[in-house]
Amino acid sequence: MCGIFGTFNAERAAEQTLMGLHGIQHRAVDFAGIATGDGTYIHLHTGADVARRVFANPDTLNKLHGRHALGHIRYGTSKKTADDKFRDNTQPIKGWYNNQEFALAHNGNLNNLVELQQLLGKPLMTTMDTEYIVRLLQKWQTGDLAADLKRVTSVLRGSYTMCLLFPDRLVAVQDPSNCHPLCLGKRDDSYFISSESCTFGGIDADFVRDIEPGEILCISSDGLQSHTYATPRRKQCRFELNYYSLPTSQTFGKPVDEYRIELGKLLERHCPAEGADIVTSVPDSANFIAVGYGENKRSGISRQVIIRNHYVGRSFIQESQAKRDTAVANKFSFSAHAIKGKKIVVVDDSIVRGTTLLKIVAKLRRYGAKEIHLRSASPPIKNPCLYGIDTPSHEELLCSGDINPEHVAYALGADSLMFLPLEVQKAMSPNPGNFCHACMDGNYWH
Amino acid sequence: MCGIFGTFNAERAAEQTLMGLHGIQHRAVDFAGIATGDGTYIHLHTGADVARRVFANPDTLNKLHGRHALGHIRYGTSKKTADDKFRDNTQPIKGWYNNQEFALAHNGNLNNLVELQQLLGKPLMTTMDTEYIVRLLQKWQTGDLAADLKRVTSVLRGSYTMCLLFPDRLVAVQDPSNCHPLCLGKRDDSYFISSESCTFGGIDADFVRDIEPGEILCISSDGLQSHTYATPRRKQCRFELNYYSLPTSQTFGKPVDEYRIELGKLLERHCPAEGADIVTSVPDSANFIAVGYGENKRSGISRQVIIRNHYVGRSFIQESQAKRDTAVANKFSFSAHAIKGKKIVVVDDSIVRGTTLLKIVAKLRRYGAKEIHLRSASPPIKNPCLYGIDTPSHEELLCSGDINPEHVAYALGADSLMFLPLEVQKAMSPNPGNFCHACMDGNYWH
Amino acid sequence: MCGIFGTFNAERAAEQTLMGLHGIQHRAVDFAGIATGDGTYIHLHTGADVARRVFANPDTLNKLHGRHALGHIRYGTSKKTADDKFRDNTQPIKGWYNNQEFALAHNGNLNNLVELQQLLGKPLMTTMDTEYIVRLLQKWQTGDLAADLKRVTSVLRGSYTMCLLFPDRLVAVQDPSNCHPLCLGKRDDSYFISSESCTFGGIDADFVRDIEPGEILCISSDGLQSHTYATPRRKQCRFELNYYSLPTSQTFGKPVDEYRIELGKLLERHCPAEGADIVTSVPDSANFIAVGYGENKRSGISRQVIIRNHYVGRSFIQESQAKRDTAVANKFSFSAHAIKGKKIVVVDDSIVRGTTLLKIVAKLRRYGAKEIHLRSASPPIKNPCLYGIDTPSHEELLCSGDINPEHVAYALGADSLMFLPLEVQKAMSPNPGNFCHACMDGNYWH
Amino acid sequence: MCGIFGTFNAERAAEQTLMGLHGIQHRAVDFAGIATGDGTYIHLHTGADVARRVFANPDTLNKLHGRHALGHIRYGTSKKTADDKFRDNTQPIKGWYNNQEFALAHNGNLNNLVELQQLLGKPLMTTMDTEYIVRLLQKWQTGDLAADLKRVTSVLRGSYTMCLLFPDRLVAVQDPSNCHPLCLGKRDDSYFISSESCTFGGIDADFVRDIEPGEILCISSDGLQSHTYATPRRKQCRFELNYYSLPTSQTFGKPVDEYRIELGKLLERHCPAEGADIVTSVPDSANFIAVGYGENKRSGISRQVIIRNHYVGRSFIQESQAKRDTAVANKFSFSAHAIKGKKIVVVDDSIVRGTTLLKIVAKLRRYGAKEIHLRSASPPIKNPCLYGIDTPSHEELLCSGDINPEHVAYALGADSLMFLPLEVQKAMSPNPGNFCHACMDGNYWH
């Protein structure tokens, strides 16, 4: 996963952008970069850490001149680690267009790399698929940016939510699938582009609207200009709502916290746990889901008995299995007195590898939980994501293939396990076809 | 504030202790140290950062040999910064007793420094009051440790929850006031001493009991030996329950989460906000209080509209005003859609400087909150703490002197402000005299 | 001062280049950078430190792909410090030419910045004069590199020894004045460009020849192509021979060690110190001069009584006066027993600020030297350099204006001081007009 | 090897001591530590790097209070690396004596570890033999320091030049063998103890005298008190004069530079190289030897054709073979023009592993040297040192066993190789028995 934040026409644009990246830091923690545009040049700094550490030295921000900026955060999966050691796989990536430098940041994943390589006809500098977009735009530049972007995007397969910074302009591009979110904010004469709307509060900006699928939005001193370069074919990522986005964001038109409370209610309706004493969540992504689940009190009273330690990062996006184990041991604190002798429902947003749940169940047992009932707010995750979410391969997915929930419950040490039915998940949206459920139903697109 | 964690008879005791310190990291973030006992010697490493960073280099832990360990975390107030620059003001502090080195860690504050200086008759090495305990024990050593500790503690005024590590023993001492918590945990043949019981889960240990006021507990290969060196005169810190302890801890015999839910109910009963739409908390210390406040739904529905960013530290214990401002701007995310047009109750554990609340109210207004009603789960904090909590001087306390809640509400930009009445606060305990409310009522003791 | 090292067609070109920069590290210690060309792209890394520290992390070199490379070292004078804090004033600088990136490294100083600014018509990205060369080449690019370089260099005033790296080519340019050296080395099919020939030994390459004044030398897979773009008007920097170059280099056709021995002999002939016991040098630049001075033993026996500590840098290129003072105190060790009661001749290459000499004389006095006679192998340095040597302004030059050597000797605490006569200095070269002596005689050129 | 520097009664004693350590940094580069005494306490800081880097943070020095100090530098041999990773093997080591802390720094090597372990009867904290001295002094303390030191030293076998710091005193101890040097300096009312006298100049102190073999020198506010605790049996290390000491030091009563010039003359007399053109040294240890060798010009003219780069450390004391190889490649620069076609004599202080010489000969060949004649100013080094010099084991010594110089010359690629005859080496001192030549003749003592 990645995160994008752009700033147009603001004092200390690099600082604003750093605050923006900080606000979506939950999306990726391994690499961060900021490019700025000073009207004439693009300045760039990137590094390997969370954003506020990459830019901890004030001189680093001092050297990023200009009123416009583009930031990116990125994580490195284990598969990519070797690449990341031998290539400067950070974003934004700089390119050259029409006698100006530009920088590009991308959230998504491209799936026709062989074809793109043939079109480009020369090697890449990095090992990031993103670079094909930069190089093809360089190669095919005519000076008509909208037309050139249309041509370049027409050969891309996959998801490619992105933002381009020129020395004097900021350009947001949403792919026709709208797979990952991108939205526009405003504060006085300044504009902001962000992966999630939750960032706007920190800089006192207001959410304006989403970038539409198939839209190119150019922000310059001439104001905003919107171009439609492709017909929308929405395939919005279900995981963005279920897991990725911060609850304070409004994603795909939905307030995420409200969506998750509703999701929790549906989960309880279809997967109740009658007779349970307590409903808790795996912090923090499932907090609002558990609130919804506990609302009618049929399946236990809502009560948080697992508390997240403030001094660690998010487990889903850590690198190796070994690291993840330690992280789990270090990241949660359990309310021993509230657990002992209780029948407990643990609500999680989804079950991917199951690593965290396995340890949580073991801890709850240790604390004397009488029964442990797991409820997954997503249907079984059976297939890897091809569109930018770091779900693992089939081998590592706990629920790939035909699985029996009882067996999985047994494997996890729980008394029961229920998944939100796929049809209920789909029915949450009036037009289920507007969402991508490939990781659940295998219906890949493009 | 400080935190203490001790380990007796465990493999890799330094690592166990690091996990313990990590589990109480919310108590102090500026300095961390671990001493180990290998049967013959005391090994020590300390540094200025959160514990997991001070001990991030594996070689550092590798060099801390022994099956026994003692860890300490400490914060540096702005007042102490200059001292901390010119003195090695970290703990545990090493001393010498009966031909053995020992290390001592202290949570509390001593108030008779002039007298202690006269008794010691020579300068200190650090500028920490803790060192008087170390030096007097050195000076008065007879070889009878319990007797010597009794003599030393008899001249101390203030609070001095502490733990001593000898190469082959661990000794916990609770002062007669029991001002700050200290408890015993156990796992097989290993024993643990911790400021809070929340740490035990991370290392699969069980909470056994609190160290009693006036108790010296020696843990050695001969087992546990308890000595009563002074008559208990409990003055337990109310802030430990209201704010400091993690909700998963059991402090002064009370499960903290349950205590706070109860506190929230009382707050709502005495300080309702009828007609409000939503009850939210200032994350994370007031979360359970807000749950209690919202339970009967008379004063709004419980709904978290302020989310804490995972990638920053706790504001209360940051150093300068300037840093605190930035921290506040960076640490919260607001659910804009849920706030707009709503009458919102914001529950906080207490109002100390008011800095954070001021900014939160401003943000809520910006997001279009219709009304904002502040509810403080503590009575007004009017006096500085003399017993180890870093409350500021009278000048910096927002509510020092005779204050009018309406004026404070106005100053904070809120529509109303109500404090839990002092008598209600006191009545929460069957024996209110067992608690210290000096910061609220000015009744200092000793 | 700066240093340049380029590599064409070598395995691990970045490493070769790092070794090259290390070999000329005496020329500048504050910033270092290496760009590589992989046939398609330019990779770049720069930082603030000596080269081996900037590239100490192996991953940094791992990411600099390609068989061609260009390195640069640079110092930051006190005047430039503020700039360096707010601008990324490191080299090589990247630009764009004919649909390819390139990187440029420059040794020298340009003096017609106002004119260059007008020609460029837009601001710079850095505050280095070097960038004008990059930007004008971008602006005026036609695809005929030699012609474009000719046009760009035709508007430059000052010195501009430089090297350009394209993804597949290395281009060396010497300005008509030949003010600073630049030479070509070869090892099998690999070529190297270096500020000084002393670097070639470390990589087992052979010195081939100097780049000629007014020459553009393109090194590509087609071999070497030389273009003459301007008529030579040699103004070779005398300081390069007297002070800057390493004794093992061959600079301006002269083996530097031999030149300095000869310089020492001339100095002794014209500025003897009859009756002296010992001739020593200020290490290390004047070592060979002192050898020459002591050869005929008329003015004392050659004997090194001042030894340089290995663990500090070169004083001339340290930043502030304060730092220089400490550096001097830390960098020399004196042979007390050899100094006591002796009449000592101290040979220095030149007297710029006089700071170091002042302290050396004081130390020698402290050790009981009977007489101290200073001999400067350069005539008085009266004027700042406009061509790239970091000599200070008139105010800071000890010998600016009409000075009386006796007064200067008194100021420095010495018994006598003699300077090599200007005419002798000039007569060392068959064509004295081929050398720049502006710092000595004020004859600025261009 | 190690280095010791002590300060008594000086402002900012820690800084003075840091300058002292810096002045003997050539003796060891891996670890550095400084303890200070403030009249009541011992403060200590140690780390792994050269001294000026270990103490680069000004706060570190700020926290080392007191007018008395003791510093130590130490290197870690490859054999010791694993130990150094798991133990805090830095010095000074703190102990406890007579109700006071003290710190001890040691230069030398103890050889009766089994016996010392039995005497101590408990494990060490570190893996440094030095700690036995600390612990035995603790164990046997009576309050009569001179008597206690006499008792402790009476059981030590090997060399143990050392210095102890108490909060208010500095105590220097020289072992009866005087194997390694230790001397006394003075500046006004301040006293200094140093491994070498070369350090005194940097702090404007004067050399007073050596600490005598078998002497304990106590420096306190009562002045200097000298005790003789053992009968001298001098076994002064020949390597200290031949290689280790800085030329500006006066070691074992000999100005080192003068000694080495004399050594060079003797070498030339017994091992001439008639017909050679040039005499050069392996920088920097053999510089003065080469000056002596070239003096009569019979075996070539003295001319330095190998120049040491300022930006690397000393090769003898680098860790692994691999690192040493790179270091050699990076540390020298060769005067190509002066070498070509010449018959060159290369003078080295000794031949230990031969690694450096092998590469130097190869480089000289590459530069076209016609003949290369090696001359070693030490007889063949055949045996490991048991007294504190890091010579390698028999396997790694190039000249262990019965060697034929011609074969060694062939192995090194030279045309000839001659060693100073052992009897000539011994005859340099009026009482050869006062020196240890065990590495040359195998006569180990004790």
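So that you can tell them apart, the chains are marked A, B, C and D in the order they are listed, and the count of residues begins at 1 in each.
Note that in this section a contact is a pair of C-beta atoms (placed from the backbone, for glycine too) under 8 Å apart; a residue touches a chain by one contact, two chains touch by 3 or more.
Everything numeric here is computed off the predicted structure, so don't read it as measured data.
Colleague: Treat each pair of touching chains as one step and give the shortest count from chain A to chain D.
Modeller: Counted as steps through touching chains, the separation is 2.
Colleague: Farthest from chain A by Cα centre, which chain is it? Let me know.
Modeller: So the farthest one, by centre of C-alpha atoms, is D.
Colleague: When the centre of a chain is set as the mean of its C-alpha atoms, what distance in Å lies between chain C and chain D?
Modeller: 36
Colleague: Cα centroid separation between chain A and chain C, in whole Å?
Modeller: It comes to 52 Å between the two C-alpha centres.
Colleague: Can you list the residues of chain A that touch 2 or more other chains?
Modeller: Not one residue of chain A touches more than one other chain, so the list is empty.
Colleague: So what shape is it, when you link every pair of chains that touch: line, ring, star, complete or other?
Modeller: Shape = ring; chains linked end to end, path closes on itself.
Colleague: Going by the touch rule stated at the top, which chains touch which?
Modeller: A-B, A-C, B-D, C-D
Colleague: Hey, which residues of chain B end up touching chain D in the complex?
Modeller: Counting only chain B, the residues touching chain D are 38-41, 43, 59, 62-63, 65, 85-88, 96, 99, 101, 122-123, 125, 138.
Colleague: Considering only the defined contacts, which chain C positions touch chain D in the complex?
Modeller: Against chain D, chain C makes touches at 19, 22-23, 25-26, 50, 52, 197-198, 200-202, 204, 207, 246-248, 250, 255, 257-258, 284, 287-288, 304-305, 307-311, 313-314, 329-330, 332-338, 363, 366-367.
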